[in-house]
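Each in structure tokens, the structures are laid out below.
One chain, chain A, appears in both complexes that follow, with chain B as partner in the first and chain C in the second.
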Partner chain A sequence: MTVNQEFASDAAIPPRWWWWLFVAALAVTLMVMPSYVDMALQLDLSIIFILALLALSMSFLWGYAGVLSFGQTAFFGLGGYSYAVLSLNAGVTHWPFVAGILLPMLFALVLGYFMIYGRISDIYLSVITLVVTLILEKTIRSTSGPEYVIGSVRLNGQNGIPGVPSLQLPWDSAAQLSIDGVFYLSAALMLLVYVGLRLLLLAPFGRVLVGIRENERRMELLGYDSRKFKLAAFVLAAGIAALAGVLYAVWGNFVAPEMFNLNQAAQVVIWVIVGGRSTLIGPIVGTGLVQYFGNWLGTQGIGQVTLVLGLVLMLFVLVFREGLLPTIGRFLGLLGRRFRAARPA
Partner chain B sequence: MEQIWTGLYLIVFSVAILILISLGLAVIFGMMRVINLAQGEFIMLGAYVCVLASNAGLPLWAAYVAAALLIGLFGVLVERLIIRFLYGRIIDTLLATWGLSLFLVGVVTTLFGPQGRSVSTSFGNIALGGTNISSYNLVLIAIAVAMLAATWALARFTTFGLLVRGTMQDPTVASVLGVNRGLMYMMTFGYGSALAGLAGAVLVPITGAAPTMGVFFVAKAFITVITGGHLPLLGTMGAAGLFGTIDGIVSYVRSSVAGEVSVLIVAIALLRLLPLGITGRLRSGL
Partner chain C sequence: MTGRGPILETRGLSKRFGGVTAVAAVDFRLDPGELRCLIGPNGAGKSTFFKMLTGQLRPTSGAILLDGHDIVGAQPHEIGRRGVGIKNQVPDVMNGLTVRENLWLAAHTRQRGIVAKSAAGAVADRLALGPILDRYVGELAHGQRQWVEIGMVLVCEPKIILLDEPAAGMSDEESDRTARLIREVNEHATIVVVEHDMQFIRQIARKVTVFHQGRILIEDSFDHVIADPVVRDVYLGRGGVA
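And then the complex of A and B:
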């Protein structure tokens, strides 16, 4: 493996005081928000938070571990389907919520073992994860017959599974999560995962991951088993994507094969690449922007949304490789330096 | 006995389809380690060219030629406008061609609508070992074989082929010896695209043409190329032979989705043993 020159950014820097302030301000804003905005906006924001989790899982894996998995939507879909099938069967939601995260992680462990321990090259890994997503979607779509039943739940093929229960309190199944509740839950989890990943990247585990991204052979010579670390990152990212999938099922009370869709997978990549993969906050902003832009395009009725998304993807790969936030950040940094240089000492 | 014939025919047919859809991808991958994620859309464009040409009154064979030529030219254009800037940045190439694939699906849907189109052909059925099979399927198998043979002959007997093989083996040495590497890449990309366009055109009488048809082929094509490794001809033949057999048998016994799933599982297990594909250990060849 050669030195990866694609990433100009270094490892995660320890957060300064203003980062903690920013996180706290964000938390407070999200806390008071439901009292001020209407339900429709709350629903829209909730789904953006949930999808931002999906984007976070990819940007962690790609930006920091250097592994580009197109299969994050596979774990997203598997999470949603696991939760739907288990909670409909069991009638409760607390352990299916956990199982909906653990089952896709198990799947990722098996898949990742074959890919990472086989030491297939990065591009192979990307394509294999893409193919896994494609074939999972096809498999789910082909289960429309009445013979495809898990427990008492029909998989329903193309039509998806309706009536997925909302989250209940473990001790009181009558207390269901309201729209406010879903908003708080998804906002809190997104913030938690963001802060958690940010801190994880400062811990020895994260440092080793970034080291492997920069120069895998050197890390191996230093005595780290890079395969173990990569696999751990892969499984962790799958867990985050699965969490997003479970939340998606809770949010919409519905799962469908579209969760695995290739367009969906492409959108995740677009969120991350537009926001900037070398930061964790970038993909969150990217998710919000692209989702908003996509919805707006849909209402304008100017042709195909996929057409525009494809153009955006090509443009960002060819021209704005770093993504929006890092580009803006560098521009501001440059401006600041100019400004300081122009001032007489 | 009859069942053996039918089974054998099904296997040969699914191997031929795999060769048809993945040879162009394999040629491009073998030459420049670039996976063209828009391969499925190149096939789709080929299918549309074929439909439009034959609706305009051209005979079917002329429509095939038109599809191969036009998509080949389109490939050259794509190489000049996009791929050329991304050599050495494999992941970025993957992303850019993915963007291209979304873009092309969007464009074709806007132009021709989401519904499928087809052409009428005058191929009948013939009896083979007691079962009736469409004689067009035999034409399709013949074209797959011809594509392999033509690619082999091009690489083996022409000066262009010699230069391509040299660039494939060692791009640096080749360019030191005066080979125009950029030109070689451009031509190879064009040739691979032409093969994809031809494949799309040839598939029209069976599948029709629709904007999203690419997705139906790409999964198998990617698996075949990755498992085949860096030698396009040997790799494609080996992987297509293996996966076509599995796919043919499982599809016959269960369903086509089950066939695809089993191909995927075998491919992933195989990559654990041969991470560089079937031809990964071979230094040179085709």
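And then the complex of A and C:
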């Protein structure tokens, strides 16, 4: 019997000083970045941070609660659409920002309740979440006609909703968030969610979740209602995915049915697998690398971006099963031990 | 509050899997403070019986009374909260976590903060798990994992402890220690042990219940049971007592 390296075993151990140093350095770097990089790179990085939030929502659920949701894009899309429809109707953006997160969480609560309290097996949960996001995509795509209106906003089917307002500044509703502002907001929220999840895993709630991932039956026999914990994790992850969706709408001033589609749903899984689900930083790096790599491939005129990304995924599933960051971490650890062992000689 | 009544009782408890009746109308009575051994050949229904008592399987018919309350249909975690702890047949632990974390998770069901931590520490001392507290349970030997699971059960301080083959895969010395521990724990808790190892049962047994084909064949002291010709026939068979 060996310990499965694909999932984290040490989440309950408090991070060491260098982790806090790393977070602080990251925060400072992100703070000063807009003064040094051009607008295009800021926009590219902002979307990577936003999609990294989506990856975090999935990897938290999969890597720590053991629940593989293939359809985090359902909450991502619902978040974006909720914000778009509400902010266009209301003419303000602050409460639609919050509602854009809460509505998908409510949806997750209902969906999760039936799946988790119905005790369907893990594989069915993956399938159902995937199907739900595809149903939502089909539904939105079929709303092209003028009769599909919420308040004064047409859903526009395939074409999506353009002209979604950026966030208004709280102290001046006439002013909207600049490109710098969107960069800061998405960077700060990504960092906040990352640190928040890391700390949550130190708390009793997080430790119980990891216990359930390891052995659900044992946890129940001890006296934990695993359904309650899994549902809470599912709703929390939906909230993070919805936050990403709202930010996506703010970033691009646009929402479209593609937010829900299979391509998008599969990409989230790829980011998490490539980055490694036994850490929380892994999926963030995975998102950045795969997005950057995909963009770069696109500019090389190869024309087979999806195919190449598929090969990359296969490589990781077959060779680097733990994902990029845990593999590097293990390699460095091995190197360190060799070094220490060699020194006294 | 129920005075001298049984702490656990089943009435006509049955479980059928398709056409197979694994447990057939079992009337079982366990008084507070007992140390009961359950024996019987493979497939006699002992593990199924345990699984029904802990809510892992729903009986086809019959009642399970815990302190006089029917718990049929209750979820496993509710039965756990009511003070029933079980060690399953195969080590049922969190393999990917450390011994320390396994024990803490068990302690956290009853206690909070520092208290949970010290309760986990106390059980680790009692079971001599101290030196391996930071090892991953999945890396440990079979016997050690059994101990971790026993520790997780004990730290919850259950009223009734069900042990499904606690000495399986243990060395003689480990199994002697387990027998001593069971007698010690029995001072505060009612215990039911399923075992095959007759030497082990001889060390701990007072009253023995023999299961055969889903029914209770006989219930008596160890010496009487072992001397019973029917028991020898169906269970001990040709090999006799080891």
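By definition in this document, the second predicted complex is superposed on the first by the 330 of 345 C-alpha atoms of A that agree within 3 Å, B and C clash if a C-alpha of one lies under 4 Å from a C-alpha of the other, contacts with A are read in each partner's own complex, and residues count from 1 in each chain.
In the analysis below, contacts are C-beta pairs under 8 Å (C-beta built on N, C-alpha and C of every residue); 3 or more make two chains touch, one makes a residue touch a chain.
Since this is a predicted model, take the numbers as computed values, not measurements.
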**Q.** Partner contacting more residues of chain A (chain B vs chain C)
**A.** B
Q: Classify the contacts of A:Gln291 with the two partner chains as first (chain B alone), second (chain C alone), both, or neither.
A: neither
Q.
Per the contact definition in the header, classify A:Arg207: touching chain B only (first), chain C only (second), both, or neither.
A. second
Q. Between chain B (first) and chain C (second), which, if any, makes contact with A:Arg218: first, second, both or neither?
A. second
Q: Answer with first, second, both or neither: which of chain B and chain C does A:Thr327 touch in the superposed model?
A: neither
(Q) After the superposition on A, what does A:Ser226 contact: first (chain B), second (chain C), both or neither? (A) second
Q. Who does A:Ser144 touch here: chain B (first), chain C (second), both, or neither?
A. neither
Q: Could you tell me if A:Gln176 is touching chain B, chain C, both of them or neither one (first, second, both, neither)?
A: neither
Q: Note which residues of chain A are touching chain B in the complex, please.
A: 6, 68, 111, 114-115, 117-124, 126-128, 130-132, 134-135, 138-139, 142, 262-263, 266, 269, 273, 303-315, 317-318, 321
Q. For the complex, which residues does chain B have touching chain A?
A. 33, 35, 37, 82, 85-86, 89-92, 94-96, 98-107, 109-110, 215, 218-219, 222-223, 226, 255, 257, 260-261, 264, 267-269, 271-273, 275-276
Q) Inside the complex, what are the residues of chain C that reach chain A? A) 54, 56, 75-77, 80-81, 85-86, 88, 92-98, 101, 104-106, 108-110, 112, 136, 138-139, 145, 152, 156
Q: Please give the residue numbers of chain A that touch chain C in the complex, ascending.
A: 1-4, 7, 9, 12, 204, 207-208, 210-211, 214-215, 217-226
